[in-house]
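Have a look at the structure below, then the notes.
Chain nomenclature is as follows: A, B, C and D, assigned in order of appearance, with residue numbering initiated at 1 for each chain independently.
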Amino acid sequence: MSEYLVLCLILFSLGAFGVLYRRNILVMFMSIELMLNAVNLLMVYFSALHNDQSGQVFVFFIMAVAAAEITIGLAILVMIFRHLGSINIDSLKNLKW
Amino acid sequence: MNAIILISILGIFTMMSEFIGLKKFIYPIILLSLVGILGYNICSFWNTPEVHYGMLLHDNYSVAFGSLLITITLLWFLLSRESYSAGEFNQGDHYALILFSTVGGLLLVSFTNMSTLFLGVEILSIPLYILAGSRKKDIRSVEASIKYFILGSFATGIMLLGIALIYGATGTFDLAAIKIAASQQSLFYVGITLLSISFAFKISAVPFHFWVPDVYGGAPTFITAFMSTFVKVAAFGAFYHLLDSIFTQVPSYLSYTLIGLSALTILIGNLAASYQNNVKRLLAFSGVSQAGYMLMVFPMLSVGSKSSLFVYLAGYAVANLIAIYVVHSIEKLKDEATVENFGGLAKSNPFLAFVMTLALISLAGIPPAAGFFGKFYLFTEVIKGGNIYLVLIAILGSLISVYYYFKTIIAMYSEPENTSSAVRYEFGFAKIILVIMSVLVVLIGLFPDILLQIGKQI
Amino acid sequence: MITTLLIILPLVAALLVYLAGQRLAPTVAIAATVLEFAVALYAYFTFDVAAGWNFAVNQEWIPSLGISFNIGMDGISMALVLLTTFLLPIILLSSLLSPLKDKASFYSLALIMQSALIGVFVAKDLFLFYIFWELALIPIYFICLLWGDENRRPVTFKFFIYTLFGSLLMLAAIIYLYTVTPEKSFALENIYNTDLSALEQTWVFAALFLAFGIKMPIFPLHTWQPSTYTSAPIAGTMLLSGIMLKMGIYGVIRWVLPVVPTALMNWGWLAALLSVIGIVYASIIAIRQSNYKTLIAYVSIAHVGLIAAGLFSNSVEGLQGVIAQMLAHGVNVVGILFVIEILLNRTGTLEISKLGGLRNQMPQFAVFFVVIMMASIALPSTNGFIGEFLLFVGIFNYNPYLAAVAGLTIILGAVYMLSSYQKIMLGEAKSAYNNVLDLTLIEKSILIPIVIVIFVFGLFPNLVLDLTEPAVNEILHTVNNSIPVAN
Amino acid sequence: MMEFVWLIPALPLLGFLILSLFNKYIPKSASGYIASAMLLGSFLIVLNLLFSAISGQLIEQPPVVLFHWVHAGNLNLSLSFQIDNLSVWFMSIITGVGFLIHVYSISYMHDDEGVTRYFSYLNLFIFSMLLLVMGSNYVVMFMGWEGVGLCSYLLIGFWFKNQNYNDAAKKAFIMNRIGDLGFLLGMLLIYNQFGTLEYREVFDQASKIINPNEVSTIITVITLLLFVGAMGKSAQIPLYTWLPDAMAGPTPVSALIHAATMVTAGIYMIARSNVLYSMAPCTLDVIYIIGTGTAILAALIGLTQTDIKKVLAYSTVSQLGFMFMAIGLGGYSAGVFHVTTHAFFKALLFLGAGSVIHAMGGEQDIRKMGGLMKKLPITFITFIIATLAIAGIPPLAGFFSKDAILALAFEANPIKWGLGVFAALLTTFYMFRMLYLTFFGEFRGTQHQKEHLHESPLLMTIPLMILAALTVFSGFIEVPHVLGGHNWFSHYLAAANIALPEASHLSNSTEYLLMGTALALVVSVIFITYFLYVSKKTQPASSESEMSFLDKLSYNKFYVDELYDFVIVKPLGFLSDFNSNIIEKHFIDRIVNVSGKSIQWSGKTIRYIQSGDVNTYAIFMVIGIVVILFLNLVL
């Protein structure tokens, strides 16, 4: 039964590692989506496990909010591209120390 | 519940005001409405607690924190009026976003269900991602925005994982049900720990604080004012509410985590702040350390700790708003609010210098300002809880904090005026608000009993 | 009521002074302090020694935490209030000599400080005490910061942080004491009633000792003091050494001795030893100081060391000596600082090597200088002797060897005082100071009261000692009653 | 009578206040008369008291309480006076000799610009000195004790423009303070043991001690500590070096303070506390050793001094040594007797020297004098009387007082007698050397000085003559049994509880023999010196290089000042510098600063974690999560 759990955690970790190591902002967004989807999968699994519908409702919440969020993210991305002509996170280190 | 609905409607109305031609009147409308909502909210203080649709709780706690949040929003509106006079920002959009964020904050202090929690966090955060980047021509503002966004989303992911694991362990999203079902299994452990960590991110506890200085520093200053006060109060309110609802007593593993985080936050926050030369960043780091102090009372979950948190947050919010407003005024004239640029402020503008001094004294926790009483009450609760060593660390932290707060004060009072264009601009409206807030800081410091009485009821 | 009046009056005066503007500020301020002194004198003459706490006011303040606005005066408080109210007019008058800019702010701050100082001396509630304690720090910090010399910024900063460090430790100790009081209250009676284990007492004692020891300061916590005294404006130094350091001593009498007697029994020797080391150490350093103000700063450390040693002597004579010496030291150090003010005013320097032969131009000044100097080295019939003698009696009863070492202050005091006097005042007239004038009327009007007090208190110390004796007995009674009988 | 006692010190105090407060308004010529008048008033009252004392009316008088001074705990001090035979005796000397010296000073100081100040100090001194001897408890004595120290300081440094004089004044004050510490500790121990500081109560309690062995250590310590005080004030080894330097003051001051009165305060104190001292034989031995040592050492130094006042100063130190010698042998009354005679003849010598200096226009070097006897006849005659007295030629006062001491010494041990006689011979030698060099032979000064040589005015010579008369006759108050007397003075003092020495065991013949031997030796020394300095006209070497080693040693005061400088003054200065530059800066303050700096440093370092890189931030977050989870799950 814990195979699902393990799978979800692996997916989540993959997403997290993506955020940690990728320099392309777009890819980082995708990694975040991967994390969220791993959680979605986990929710659905637990929903089935507990025979409880609310978990699946929650997934819808997550999907909706993630969509709204990523829209904002992409808008910011566009601004960055306008400023820098690239979407590499490395060039964004003005604020430090 | 009603306040949330009303503010949501107000937000939508504000958003639409531009194309229904009410742009000029929107500001007074918002102010009046907020005052009305605040009054209404305060009046509902002693109403019997009730749960709305299994999602939202209306009790003294949510009313008290909600009122505090609405007050902060109101003060923000009062103070930020001039920031929009230049026309750089779209007033209507900003106001609407701030109001939506307020709604998110209100949700956060009254949730009874994990889904409300999640929605509250997102409603609070998403407008702020936008607002942080609202100075579109400034790359630093955009950078602040993207950093906030990425790290915020990352934290959301962790929070969701935590919620999912708790769900897995208990089979429910309802806090009351979780409290009953809370078990010893490690799934629950990990879940609640991850959830706490995501809150640690929101309240900027070390080592999850990295976004704070960058985002606060890069965002337009009046947005920073909102973030550093409103968001902090909301996040603390939510976190405490969460722990209070799930546990009657914080389990030891979590309590060690919290103690460790708080000690680390106090030390690192203060140390890092001590070397900052930009007052805005300095205040950002000081905000981190202030979070550390507040985190100290979390392991106790007593009436006293709740009320001390409330009193501390109230004092902190007012003082921080004043301080950031002064920073904002300096930035308007001198581009950047370095400590040097504060030089001679006492001469060129004694009022501003005095108000700033009062705010910093309060933040440093020196009588008679509100911050002192807050700190005193907090320490009392922590010592009562038996964590005297934590208080000693906090004392060390306070000492370091005095160093950097007073760096600014010294500059204001002893440096010669270092620029020809002294800060001499018209306050008008804001001056009155600053006076009121300063009086408030002193009043809370000298006569905290009213606030204490409220605090004990929540 | 009088007690409240004593606290409120300077605050109101501070506001008035600020509003009065630069020209009127000194007059208003001095008038206010004189009025305050009159009120204190009235309190002194109506004081009922037998009644214990006089003029007590007890008003609820923060009832949820057991904090009340609980003030009153017993003999010790009364004596220190008298000292404070007597010195303030003198300090303000003396600051007329120095070219201070923005006098209105200066006088307001001084008045606020007076209010806080009186608050410290009359508070019967530990929380209230702490509030006033901290409140007193802020005005003096700004006085030093705004009107000090060119080194003031790092120096005052160190002073501020250092004292605040002590204060915060005290805060922790206070809160701890509060949490163990039976009735969860900060009131004096409750704090005296705590039942602490020896270990707890040790920690509380350590924290409070650090806090008060830094303020006094006791060796080796003193390093903020010489530089602060040197760079502060003279009025600031007067406030610091004349009154403020008494806060620390008073704090020990009121809030340490009766509260942690067991710790005192176990660790009092260490405190006394450090104090005595401080006496000798500071006296020796004072011998070779080149700046007269720094020298006086070290002298102050030495004198305070003696007082501090007396604090731990656990005898009526010793504690009475502490009080007598506090009053004497307050008056004398203000006197000697005023002498410094005059020197600075006339010559523009305090480097001892640059001064000399001033007696030729200023014979009257020399007389006052000698009198104050002799009082400071405790010549009998001056106020300094009473305190010092009683202190020696107390310390000797506690430990004769300690008293013998402390007694070196008699010799060393003569060495540094006479040498510096000789270098500053005696010898051939220096041509650079040919046009220096002798004392003016204002200066005399400051020095004469000081000298009168020096002798009146030197000859009739019972005026104060009788006032404080019951209070001291009460304190010692508390101390000795709460020491568990050794098995 | 007793109700006027307070007037005795009050009059000089009044004089002091008038002279110092109205300094500007009093004509300079009047100040001396005001001061003297005040003193005359006191003297008359004292004289009255003295007659009562002699007629035995003052025995067992309770103390006269002026007011309660200090009250704290068990400590009750009052400002009160003990009027008994002892204090009245000292009061007579102080006011009597003091008055004469005041009168002398009117003329001596008349053209000094600070004359009013001078007399105010002098009056203050008399006040303090009276307080010292009149007090009925140790603290009042201490009050006077310190007061005379202050006056001594002020008067030595009277001519404040000369920094050497100021140094001398400072030295006197500080050395006295060293002694004062001993006195203070002694008082503290007395209070600690007996719970009181009133003489009567202390002595009552001390004499009631049943088992003397029990407390003998404490009594010994008390008496030793008090004796340290006496060492300072009465210039005994090792605290004597201030007294010769104190000659920087005006000459009448040297006569009054540094010869007749203040320096004998130590004797007074010990005589007053003789009950305690008698219980501590050990202390008496110490006193004897130090007294004898001082008497001989100072006399040795006096042999080669060339400054007329320095010779007299060392002579004073030496004579003080004699007095302590007497006390050390248990002869309190002999000590006080010697104080009395010494007060007369030494004051006379100093005033005579003052007259000489006055005539010489300020010159003090005896190598530049000589042959003054014709020009200053009165001075010469009085001076020679005093010199004979100090040498112990009968029937002058010095003979009786010195003989009393020597007799005591012989009784204790013949060697002690020998030492005493040796010191006396040295005294005779240097005194006559000075006498001859000053008044005999040829004048060696400048022509200018020679023309101005003149006898002093009457105001100066009359005191000389009165003192000379006293020097001649005062010895007869204590004529020993062997010479047909009744030791009147000892009995007089015994009425004030001064212990009488044990009755003499010496047979009359032994006593005659001793007197005769001593006298013969002294007379022969007088002739030797006459031969040396008058017949052979030997001159003291004019520069050090011409001196022999021993002469040099003596001339340079055995290098004691240099030794003190090397052992105490220099190390103290070094310690001061070391403390302030090394300990203070590099240890204590550094700890404080370093803790501040280390916080700054950590702040500086920690902020570099804030790298600005989002990925790094995320990595830190993940590390944080992992660590927390790990700790939670493992622990």
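Criterion: a contact is a pair of C-beta atoms (placed from the backbone, for glycine too) under 8 Å apart; a residue touches a chain by one contact, two chains touch by 3 or more.
Worth saying up front: this structure is predicted, and the values here are computed from it rather than measured.
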item	value
Middle chain, criterion being Cα centroid separation	C
Chain whose mean Cα position lies farthest from subunit A	D
Interface with more contacting C-beta pairs, comparing B-C to A-B	A-B
Approximate Å spacing (C-alpha centroids) for the pair subunit B, subunit C	43
Cα-centroid distance, subunit A relative to subunit B, in whole angstrom	26
Subunit A and subunit C, separation of their C-alpha mean positions in angstrom	65
Centre-of-Cα separation between subunit D and subunit C, whole angstrom	37
In subunit C, residues with contacts to at least two other chains	161
Residues of subunit A whose C-beta touches two or more other chains	16, 19, 89, 92, 94-96
Multi-chain contact sites of subunit D, meaning residues that touch two or more partners	596, 607, 610, 612, 614, 618
Set of all touching chain pairs, with the criterion as stated earlier	A-B, A-D, B-C, B-D, C-D
Residues of subunit D that touch subunit A when the two form their complex	607-608, 610-615, 618-619, 622
Footprint of subunit D on subunit C - complex, ascending	158, 161-162, 220, 222-224, 281, 284-289, 315-317, 320-321, 324, 357, 359-360, 367, 370, 374, 379-381, 385-386, 389-390, 392-393, 396-397, 400, 403-404, 407-408, 410-411, 413-415, 418-419, 422, 425-429, 459-462, 465-466, 469
Subunit B partner contacts - residues on subunit C that touch it in the complex	61-65, 127, 130-131, 134-135, 137-138, 142, 145-146, 152-153, 157, 160-161, 164-165, 168-169, 171-172, 175-176, 178-179
Sites on subunit B touched by subunit C in the complex	361, 366-368, 372, 376-377, 379-380, 383-384, 388, 391-392, 395, 398-399, 402-403, 406, 410, 413-414, 447-449, 452-453, 456
In the complex with subunit D, residue positions of subunit A that touch it	16, 19-23, 89-90, 92-97
